[in-house]
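Shown below is the structure under consideration.
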Amino acid sequence: MDYFGKQYHPPGTSPGTLVQYHTAGTSEFLLRLIDYTNTAYVEKELATMDECLPFLERDSVTWIHMQGHPETDTLLKAGELFGLHPLAMEDVLNRGQRPKIEEYDGQLFIVMALPIFADKNTRVEQVSIFVGENYLISFHAGDTDIFEPLRKRLRKQSGRIRTQKSDYLLYSLLDLIIDQGYPLLETFGEEIELIEEELLSSANQKTLARIHAIRRELLLLRRMLWPQREILNFLMREGHSLIREENIIYLRDCYDHTIQIMDLIENYRDMAASMIDVYLSSVSHRLNEIMRVLTMIATIFIPLTFVVGVYGMNFSNPESPWAMPELHWYYGYPLVIGIMIAIVIGMVIYFKRKDWL
Amino acid sequence: MDYFGKQYHPPGTSPGTLVQYHTAGTSEFLLRLIDYTNTAYVEKELATMDECLPFLERDSVTWIHMQGHPETDTLLKAGELFGLHPLAMEDVLNRGQRPKIEEYDGQLFIVMALPIFADKNTRVEQVSIFVGENYLISFHAGDTDIFEPLRKRLRKQSGRIRTQKSDYLLYSLLDLIIDQGYPLLETFGEEIELIEEELLSSANQKTLARIHAIRRELLLLRRMLWPQREILNFLMREGHSLIREENIIYLRDCYDHTIQIMDLIENYRDMAASMIDVYLSSVSHRLNEIMRVLTMIATIFIPLTFVVGVYGMNFSNPESPWAMPELHWYYGYPLVIGIMIAIVIGMVIYFKRKDWL
Amino acid sequence: MDYFGKQYHPPGTSPGTLVQYHTAGTSEFLLRLIDYTNTAYVEKELATMDECLPFLERDSVTWIHMQGHPETDTLLKAGELFGLHPLAMEDVLNRGQRPKIEEYDGQLFIVMALPIFADKNTRVEQVSIFVGENYLISFHAGDTDIFEPLRKRLRKQSGRIRTQKSDYLLYSLLDLIIDQGYPLLETFGEEIELIEEELLSSANQKTLARIHAIRRELLLLRRMLWPQREILNFLMREGHSLIREENIIYLRDCYDHTIQIMDLIENYRDMAASMIDVYLSSVSHRLNEIMRVLTMIATIFIPLTFVVGVYGMNFSNPESPWAMPELHWYYGYPLVIGIMIAIVIGMVIYFKRKDWL
Amino acid sequence: MDYFGKQYHPPGTSPGTLVQYHTAGTSEFLLRLIDYTNTAYVEKELATMDECLPFLERDSVTWIHMQGHPETDTLLKAGELFGLHPLAMEDVLNRGQRPKIEEYDGQLFIVMALPIFADKNTRVEQVSIFVGENYLISFHAGDTDIFEPLRKRLRKQSGRIRTQKSDYLLYSLLDLIIDQGYPLLETFGEEIELIEEELLSSANQKTLARIHAIRRELLLLRRMLWPQREILNFLMREGHSLIREENIIYLRDCYDHTIQIMDLIENYRDMAASMIDVYLSSVSHRLNEIMRVLTMIATIFIPLTFVVGVYGMNFSNPESPWAMPELHWYYGYPLVIGIMIAIVIGMVIYFKRKDWL
Amino acid sequence: MDYFGKQYHPPGTSPGTLVQYHTAGTSEFLLRLIDYTNTAYVEKELATMDECLPFLERDSVTWIHMQGHPETDTLLKAGELFGLHPLAMEDVLNRGQRPKIEEYDGQLFIVMALPIFADKNTRVEQVSIFVGENYLISFHAGDTDIFEPLRKRLRKQSGRIRTQKSDYLLYSLLDLIIDQGYPLLETFGEEIELIEEELLSSANQKTLARIHAIRRELLLLRRMLWPQREILNFLMREGHSLIREENIIYLRDCYDHTIQIMDLIENYRDMAASMIDVYLSSVSHRLNEIMRVLTMIATIFIPLTFVVGVYGMNFSNPESPWAMPELHWYYGYPLVIGIMIAIVIGMVIYFKRKDWL
C-alpha cells in the first residue's frame, strides 16, 4: 500500500505544469462523448478531442468523459476548446487531490473521491469534473466503469434527465459517485458482523489485524469523503448561475446521503474501537483463566512434594529415637498419605472459599 | 443485529423511485383518519386514500396516519392528493433516514427517530411527517401504536388541542415521540444500577458484555436523537408561516426535553466508560491477589524442598567423616525440622515487613 | 443513588399538567414572604398564598419563597396571582430540570442548580425563580435553608440591597446559589489532597473507588453548573427591561464566579484522572516488584534442588565404577555443597550485572 | 500544595466586602510611587496613600505599585482617590482570580497571572492593574520584585517609554509579566531533556513522579495563562479611548508572545504524555525480559528434576527383573546424565527455533 | 535536541532591541540581490546593503535574499532603507517564531516555517519575508539553499513570473516553501511502510522508539505548519492592495497544498498511533504465548515429580504390611511409570479440550 498516495511536482516547479504519469497495469484510455437534447441523443467514442467540435455549437448538453490516464496533448486540447484553467488541469493529472470545488469565470471545477471496493480492498479514485453552461467534462482516473446506469437513463427519451441542462447532469454524476458509498459500507457492515461472531468464538491475532485494517480503511474513507459535504454546501448555497433554483432540492438530497454515509462511517469506527476493547479483554481473560488454574495445580502439589521430600531424607542413627521414627512406624506410610489428602482438601476448601477456583 | 440498517436504491437509480420493501414479521398496514374542529371529531379507518377526500375541503384539521409499510400505490395516491415531493416519498419508504426537516413550498416534511424498547432491546423506528395548513400525514414504519394517548386527548372536546391548528398537532406528535426517550432512559438507569451492584459483588465477562451492549445502544440513541435538536431549532427560529407565534413556547419546551435526554445519554455513557474501568481494574486486582498469594506459598516451600532434598542425598563413605555426618547425628532430624521452621518464620517476617503479605 | 434523577409525565400527557410528587423523608413545606422598601421591612410565614395579596399592590419588592414540595393548589394559586405560565409551573414540580432561563411576557423564569454537600455526598437541588417588576418568587425543592445570610442583609436598613429593585434581589439569589460551589469545591480539594497522600503511602482498591466517586460527582457538577453560564450571559447581554444597566456589573461578577468554578472543576477532574494513572502504575509497580523477587528466589533454588536430586538417585552396581562414584568419594558431600554455593554466587552476580536484582 | 488556591467570602456576603488575608511567611508591604514626564522623573516609597496626592494633579504619568498584601485601609483610600469599583477592589484582595479585563467608566481593571519559578516549584501569582488616563496602579500579591528592569528603563530619559502615556506603561507591564513565561518554560525544556536521558538509562518510579509533576504544572500554567489571550484581544480590538492607535502594534507583539507560550506549553504536554507512554512500555519490557528468562531456566530444570526424582525411587524387589533394573546397569548413571544433557540441548534448540530465547 | 528552540530577550527588555545570535557550525552569511523586469535581469551577491541602492529607484522588482545570520548592522541598514518596523526586525533575529503575517503601513511582514529533512532528522527553519510594492526581502536562517529552482525560472525571460510584480514573487516563494513538505512527507510515508513490515516480522523496542520519534516529528510539523493556513487565508481574503485580483487563484492553489499536507500529517499520526497499538498487542501476545507453553510444561511435570517423590520415601518397617508395599511388588516400577504416562495423557487431553494448548 502506498501511504503517500499523492503525485506532485518538485517544489519550485512553475504552476500549471502538466506531467503525464504512467501507472503500470491500468487499462487503455477511453474518450467518450454523449450529446443530448430533449429529442436527440448521440453517444460515440472519440479518437481525438477535435471530433467533439461539431457538437459544441449546438444547443444541446455535451458530456465528454475520459476514462483512464489522459495524454497531456488531449488534455491541453480540451483546455483550449473549453478554456480550462492550467491549475485545474494540473489537478486532474496530479491525482490524490482532496475533494474540492473551484470556480473559474463561469465554469465550475469539482474534484470528487470515488470509493471503490475491489479485491477485498477499499480504494479511493479521483473523478474530476468541469461544468459549463451546456457541457460537462469528466475525468475518471481508474479502470472501473461506474457510469453505465447513468448512460442507460440518458438513452431513454422519457427520463427527467433528458429535459434538463448540465446542472442536472452534474447532480446525477455527484449522486452516482456519492451513492457508491452505500454498497461499500454494506460490505463493511457484513464484515463487522462476521468479526463480532468470531470475537465470541475463536478470536486470534488475525481477527485483531482485520479490525485494525477496517479502522484504517474507515479512516481513509472519512478523510476523503468529508470534504464532499463542503462541495454540496457550496453548490446549494452560492446561488451559482449554473445551478437552477429548482434543482437545489436534488442537491439537498445528495447532501443528506453524504451526511448519512459519514454517520455510518462514524458508527463503524466506534464499533471497531469497541471490538478492539472486547478482543483485548477476552484475550487477557482467557490467558488469565489458564494461568490461574495452572498456578493452582502447581500450588497444590508443591506442599505435597515437600512432604514426600521429607520422608525421602536419609537420617538414620540406629541409636537415636529422633532419627525419623515415623519411617519405622507401623502405619507411617498410610498416615503420610492421609496427611497429604488432608492438605489437598484443606487447600481446595480455602481456595473455594476465597472464590479463587 | 443489522449494523447497516439503511435501505437504499442501487447507485444511479433515478431520484424519486419508489420501491416497496417487505420486511418479514411486521403486522398489517393500517390507514387511520382523524378529522377535528373545535366542535366536531371524526375518527375512522380507511381502506383507500380516496376515502379521505371529503374531509380535505372542510375547514378542519385532518390527520392521516399510516401504521406499517404502506403500499406504493397508497403512497402515490397520497402524494397526488397532498402534492408530496417524490424525494420526500422516497425517504418515507427508504427507512433508516437521519432525522431531518425539509420545506417543500408551504409544506414541511419531517423525519423523526422513535426510540422503542422491546424484548430487552433498543430499536429506533422511523416516523415521517408531512404538515400543511390544515392537514398532517404521519407514517410510522413499525408495529407499536404509541399514538393512543394523543388520540385520547383529541377525543375530549375540552382539550386545548381541539382549539388549535395543525401546528399544535405537529407539536403534540413531536413531543410524544421525543418523550418516549424518558421511559427508555429510565430503564437504562435501572440497568446501570444493577450492573454497578454486580460489579461490586460478582463481576464476570458477561457483566462486561452487558456494559458494552449498553454503550453501543447509547451510542446509537445519541446519533439518532442528536439531529432532532436541529429540527426543533429550525421550527422555533424560522418563523415559518405554518407555526404560529403563540405555539413556539411549546416547541421550546420540546427542545428542552431533547437537550435533557441528550444530557442523560452523555451521563450514562460516561458512567458506562467508568464502569468498564472499574471492571478491568477489579478483575486485574482479583487475579493479582490470587497470583501473589499462590506465588508466595510456592516461594516458601521451594527452599524447604531444597533442604529436604539435601538430606535425601545418598553420600555414604563409611570412612569419610565428611559424608553427610548430619544424617547420623543424634538430634539431626529435629534440627533440620527446626531449621525449616526458622526459614518459614524468617520469610514470613520478611514478606510482612515488605508489606507483601 | 438514583441515576435517572428526573421526574416526568408519561409521554403524551397534555403540556402544563401539574402532578405533585411526594418524596419520602423531606421536611414540611414552608411559605415565607419578605416585603421591603428602602424604609420598611416585613418578614412573615404564610399559611396560604392569599395572604400575600395586600403586599402586591404596594410599591415595594415582594419576595415569596417556598421551601420544600409545594402543594399543587398553592402553586396554581400563585400561578393565578402572578400569571405564571403552565409550562413553567410544570418545570417547578418536575424536578431534575437542566438550569435554564425563559422569558414569558415581562416575566423571567429561571431554573438554577444548587450544589449541596451533605452526609459526605454531593447533591444538586433545583431552585426555580420567577421575577417580575416588583416581585420574586423562588422555589427550593430541598430541606437546607441556604437563604438566611441574604435575609440578614435584607433586615439591615443600611444595605445596598434595600435601595434596589427585584433585579438586585435576583442577582443576590443567583450569587448566593452559585457561591455555594466554593465551599463544596474546597471540600473536594481537601479530599483530593488526602487521597494524594494515601496514594504515596498505602493505596488500595478503596482509594481507587474514592477517586472514581470524586470523578463522577465532578462530572455531575460540571453538567449541572455549565448551563448556568448561559443564564448569566442571557441576563447580561439581552438588555432585558427588568435588569437595570447599573446592575449588569454585578451579574458580570457572578458570571466570573461561574467560570472560576468551572475552571476548578476541570482542574480537579484532570487531577483525578492523573491520580488514577498514578494509582494503577503504582499498584502494578508494587506487584511487579513482588513477582520479580519471588521468581528470582524460585529460580535460584530450582537448579540447587536439581543438584541434590541427582545425588538422591539410587544407582548402585557394586561392580561398576560408573555407578555414582561421587557418592563414595571422601570429600563428595562438601564438594557438592561447594558447587551449590558456587551456583548461587554465579547466579546472583549474573542477575546483578543484568540489573535484575 | 493547596489545590483550591482561591480566597472567597462565605456565600451570601454583600458584594464589595473587603477582607484582609494574612498569609504566613510573606514579607512586608511596600508602596512605591513613580511619576514621570518626558523631562522629569520621581521615584519614592510612600508610607500612606495620601502622599501621592500632589502628583495626581500634574500632567504626568503616575505609577503606584503595591507589593505584598495591602492593608484594607490603604486599598480603601486608593479606591477613594482613583474611584475604584468595590467589586474590583474585592478581586484585588481575593487572590486566585482568573486573568480578566473589565471596564469601569473610563478605567480599565486587569488581573494578570504571573508565573514564578522558585524553589524548584512553579507558582502563579496575581498582579492586578488599574489604568486611567494618566495613572496606573498595580498590585502584586507576592514577594519577588520583577519590575526592576522596567524601572531601569523608566529612569533613562532617552527611552521611548518616557515619551508615552499610561497605555505604553500598561503595555510594558503586560509584556514584562507575559515574558516571565519564557525563562520558566526554558527551565521546563531542560528538565524534560534531563528526564528523557534518564528514561533511556535508569528510569524508575521517581522519574514517573517527575513527569506527572511536570504535567500538572503545565496544566496549571495553561489554565492560568490561556485567558490572558482574551485580555490582549480585548485591548487590541476594542479601540478603547485609553489605548492609542500607534501602540496597538506593540500589544500585537505581546499577543504573539502569549500564543507562542501556549504553543510551547502544548508541546511540552504532548512530550510529557509521550514520555509516560515510553516509561510504561520500557518498564513492562524490562520486567517481561526478566520473567521470560527466569521462567525459561525454571522450565529447563523441571523435567531434569523429574528424571533424577525417578531414580531416587526405592523400588527394590530382588526377585523382580522390573524393579528399576536401570539402577543396577553398568552404565546406568552416565546414561541418565546423557539423557539429561540431551533434554537440555533439545529444549534450548526448541526455544531458539521458536525465537523465545 | 533543543526542545525550547526559541530565542528571546530577558523579560523587560525594550521592544525592538536587536541582539545578534551566533550559532556554532553555520556557514557564512550571504546577501544576494535579484532585480528583474519583463526584459532585464540582474543577479549579484552584495557585500553591503548600500550596493542595492541604485536598483531601488528603478521600476523593477527587487528581491534581496539574506542567507544565514545577518549582522545587526546589515539588518539596521535594511530597516532604514525599506522602513522596516523594529518589532518585525526583532522577530527576524529571534528565531523560533510562529508563522504569522503582519501589516505595517503598505508593507507585509510574513514569517514562514520551512520544513527541512537532513541527516535523518526533521528540522523547521524560519524564513522571514518583507514585501512592498516593488521589492521583496527574505531572510532564511539556515544553510540549505532551497531557492535555486525559483532563480532558474526567473533567469528565463519567457516565464510568467518575469511579467509579474512582487505579489507573484511572494506567491512563488510561499509555494516553494510549502511544497518542501511533499518530499519530506513522502520520506515519512516510506519510513512508516518500513516500520509496518518490521512490525509483522521482528518488532523490538527500537521499532517503538522509531514510531515515537515519528510521532513527535509529525507533531512538531503540524504545530509549525498549521498557522500557515491563516497566512494564506489572510492574503486571499483581505483584498490587500499589494495582492492583485488575478493572482488570488494561485494563492488558493497554495492554500490547497497546505490543507493536503495537514491531511497527510493527520493521516500519518493516526497510523503511528495505530502502529503503537499493534506493537504493544503483538509484544504482549508473543510473551503470553511463551508464558503459556512454559507454564504448561511446568504444570505437567509437577504432579509427576510428586509421584516419583512418593516412591523416594524411606518408609521401612519390615513388620508392617503398610510400609510402602508397592516398592516391593513385582510390577511396582512399571506400574508407576504407567500411572505417570496416564497422568500426562490425561492432562494433555484436558488442556486440549479446554483449548489451552
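Note that the chains are named A, B, C, D and E in the order they appear, and that numbering of residues resets to 1 at the start of each chain.
Just so it is clear, contacts are C-beta pairs under 8 Å (C-beta built on N, C-alpha and C of every residue); 3 or more make two chains touch, one makes a residue touch a chain.
On a predicted model such as this, the values are computed, not experimentally measured, just so you know.
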### Query
Between subunit B and subunit A, is it the same set of residue numbers doing the touching on each side, over half shared, or a different set?
different
### Task
Fit subunit A onto subunit E over the CA trace and report the rotation angle, somewhere between 0 and 180 degrees, nearest 5.
70
### Task
Averaged over CA atoms, how far is the centre of subunit D from the centre of subunit E? Could you give it in whole Å?
26
### Task
Indicate the whole-number Å distance between the mean C-alpha point of subunit A and the mean C-alpha point of subunit C.
42
### Task
Can you tell me which residues of subunit A touch two or more of the remaining chains?
291, 295, 298, 302, 305, 309, 312-314, 324
### Query
Which residues of subunit C touch subunit B in the complex?
1-4, 6, 8-15, 85, 87, 97-98, 100, 102, 104, 205, 208-209, 212, 215-216, 219-220, 223, 276, 280, 283, 287, 290-291, 294-295, 297-298, 301-302, 304-305, 308-309, 311-314, 324, 326-334, 336
## Note on the structure
Within the complex, subunit C is touched by subunit B residues 146-150, 152-153, 159-161, 172, 175-176, 179-180, 182-183, 185-186, 189-190, 192-193, 249-250, 252-253, 256, 259-260, 263-264, 266-268, 270-271, 274, 277-278, 281-282, 285, 288, 291-292, 295-296, 298-299, 302-303, 305-306, 309-310, 312-317, 319-320, 322-324, 354, 356
